[in-house]
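Structures incoming, each one as structure tokens.
In the two complexes below, chain A is the common chain; its partner is chain B in one and chain C in the other.
Right after this comes the complex of A and B.
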């Protein structure tokens, strides 16, 4: 069943096979819809096109005549940089001042370009640097700093029945009070890569089909991109109201534990995680206050992904599930 | 009388009248352990404990000098203010001044 877009419901998203998609990506590009955003992507390097198609082939694509939020072009700036010593140069509609990477790491450039687009242009939603997932009316926000394991935890939950909104960019609609899914490729780093490969292998023998190559030597170490689950892509316009905020803390030597925290602490962690709190202004303050008013909050400390998933599901079952159906 | 901090700086004059610039610019939320104030002029978000919230509320009622503030606060707590408490109040007011929550009138 094709994804139903609220933005393009009078348009038909195209069912491209990989060859057609490759041809479009190599020429003027193709418009891909990811959650509330539509970006026209063109890629001049075959290795990056292969990776992009592997990760994003299940998303809705549009041929022509749709309004883009932005465009992203990945290319070599001249013949030398295209073919001799190739460098992937990113051009976005509002900026082309990115440092190019070797074309072998072009997928990293592409993902960073998509990140930039959201981080610097999104003003219609309050944005959190957080993992966000949803299930059965439970909207779970996990604000955390890099290295806390939030991407791994969000990805892990998404392959255990939760809808992935995002591993990195939580979006909150101040008008409706809902979390807006933006299920991009999950950015896995370093030791989380083998953890997630093992995790996905438990549900699909063809698990390697879900992962990009591993890109070594980036400023964040080794990076690997993981495709969101099929259900998360299918449901990418299904919004949920937030009602749980969990601060995840990864500690390899800790005993798994759920620790109570004050709502004030949870509030300020949301504020600190929000990239556009100051830009959105008082609506952001009122929105975050409302989220915390309505949310059950805690901190979880976990040594493994399995522990983390168990702790999340226990906290939700103990505090939320019995109430959601009554709302 | 003036209040001097550890750096020998005069941080609050007893006779100076301070007030909230415009209380309508404040948005409030809060939970069991603290109150949160958002200043729509600056976009700053600050957390206040009950003690600080009570002091700011006195300024929201109208501008006043430190002497007047001491008097009104003493009525609320129903006791004379000793010197350590006065110092704590002045330090809090100094924080308010730094945050832009109050200013000399």
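Right after this comes the complex of A and C.
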């Protein structure tokens, strides 16, 4: 089922099988569209291509008939780094200040490269370091620092009926007042990896197909990438207005609780989470003020993913008149 | 002026005539945008499209990217303006001239070349006898030295034309405080006193060089002091200024005499020649004739043609070994112009040794 892109009105994406994808990735690259961004990706290592195809094969791909946002090349910088002691170098057409990783961790380099592309070039949307999900007209933004469990929570919700926008790049369109989905692979770290594997197994016996290898010894510990749910990929151009802001706080020893917070506090937490607040300037200030004005806000404290999902659903059910977006 | 060729280049075509954007294929756009980003002119494309009223005719993806580029240049302009405000505040109380250079001057004067431009640092110039005073003021106001390596600090102070760059930790914009426009060790030594004398005051209290001196400073920066590789943006700003200042015939009458007075005729020759060749700049025939005597000999002229048109933008001319030669040739040339041979040897040796020490990754 092809995803129709609002950016490429009359151009249909290609349905490549794995072999064709592999061939294109190893040569000139292939343009993959994830939400509002389209990046031409080429990869010179077989192990990384295999992982990339496993995680992203259901996304729309284009031949060379569309304008890209950027390109990304992953390769060894010379013969030694390609074949003898392979090291994955990322090129993004701007400054290249990445520290190359061993090719066995090439998937990590690739994901970091895609993060870098968004973080340093995206100014057309206000960006939040936040987990964002949506369901039936509810747009939920969960701004948080790394380690608060927002990735796990967003991913968890996305396998319980919510649409995953992103586990760390919330995007807001200033012009339309909507959240823009950007459903990249979810980056799971350390203890959240077994939690999510168990979580997905409860809905699909073939759960291992959703996960990449586990990459140990990265700067952030062990990392594993998880494919967004099929519906999140299918709906990746479906936008929702934000109307709930929840600040998630993970505490293994706490009693699950919903705590009220002031709108002022929620506003400042949203500002702090915004990576391009100062770069978008006045429009970002106005947008964030409007989001908080219109949103129901709270903090949740949770010891487990189950608790967190329950708290979120409870807060939403108690406060938001659902289906508001479907009239 | 001998003939040279710049192959049909999409980015240059788009800059020369933004209407071209309407007919670009997806592949053309991808090539054009990559090159524009690498050379720092993407904001310029967005503002050109806006000015021509053709943004709505472009592919949706391009419109979306242009929105981002516009935010980036608008933010850069805002930050530079605020940094100027902070600088003015720190240097308050002196009646001597503080000159703003390059991007800050273009922005404040509202020049065409400031549209869609991004600047990462703020360049100012004060008379040499005020530079220690200015440094003290900045440090007292919270700016910090960015360069902490002793050799680099010493090198800036003894041989360069500016203080080691200062950065305010809250704002992350580097300010370069100059006392002249070329390193003191340069083979060419323009008389900065003359440039200071003809500087003019703007509303904000800062001074800028006269129009001709502004161009000559850009020219010197590109063809004497800076790196030519990938610097098509600098040539473009010269092209813009020739167009803007050149509407007044007096500008053309005074240009070469002023370059002569400051000893910058060779650099001006290159600027006029490459601007004309690449952007087809509207330069009076008489000016092109009058600058010809300042050309280098034919061999150097041809080598420079090859090197400059080969590397001033990433997709231009030279490939492989030729590109390597052109890049390194220009690197050596810029250092050659910047300092005497013995000092150059010493400097390059220290830099070379440092590449293998622990200091850098």
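Operating definition for what follows: the second predicted complex is superposed on the first by the 322 of 327 C-alpha atoms of A that agree within 3 Å, B and C clash if a C-alpha of one lies under 4 Å from a C-alpha of the other, contacts with A are read in each partner's own complex, and residues count from 1 in each chain.
Basically, a contact is a pair of C-beta atoms (placed from the backbone, for glycine too) under 8 Å apart; a residue touches a chain by one contact, two chains touch by 3 or more.
Bear in mind the structure is a predicted one, so any value in this text is a computation, not a measurement.
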item: Chain C versus chain B on the shared chain A, clash or fit after superposition; value: fit
item: Which of chain B and chain C A:206 touches, first, second, both or neither; value: neither
item: Arrangement angle, chain B at one end, chain C at the other, chain A at the vertex (C-alpha, nearest 10°); value: 60
item: Which superposed partner A:66 touches (first chain B, second chain C, both, neither); value: second
item: A:121 touches, of chain B and chain C: first, second, both or neither?; value: second
item: In the superposition, chain B vs chain C on chain A residues touched; value: C
item: First (chain B), second (chain C), both or neither touched by A:271; value: first
item: Chain B versus chain C as contact partner of A:293, first or second or both or neither; value: first
item: Touching partner for A:262 - first (chain B), second (chain C), both, neither; value: first
item: Contacts of A:281 with chain B and chain C, given as first, second, both or neither; value: both
item: Nearest Cα pair across chain B and chain C, whole Å; value: 6
item: Shared contact residues on chain A - chain B and chain C; value: 278, 281
item: For the chain C and chain A complex, residues of the former touching the latter; value: 26-27, 29-30, 33-34, 37-38, 59-62, 64-65, 67-69, 71-72, 74-75, 78, 361
item: Complex interface listing, chain A residues touching chain C; value: 6-9, 36, 38, 40, 64-69, 71, 93-94, 99, 121-124, 278-281, 283
item: Chain A-facing residues of chain B, complex; value: 27, 29-34, 36, 38, 40, 43, 45, 47
item: Of all residues in chain A, those that touch chain B in their complex; value: 262-264, 267-268, 271, 278, 281-282, 285-286, 289, 292-293
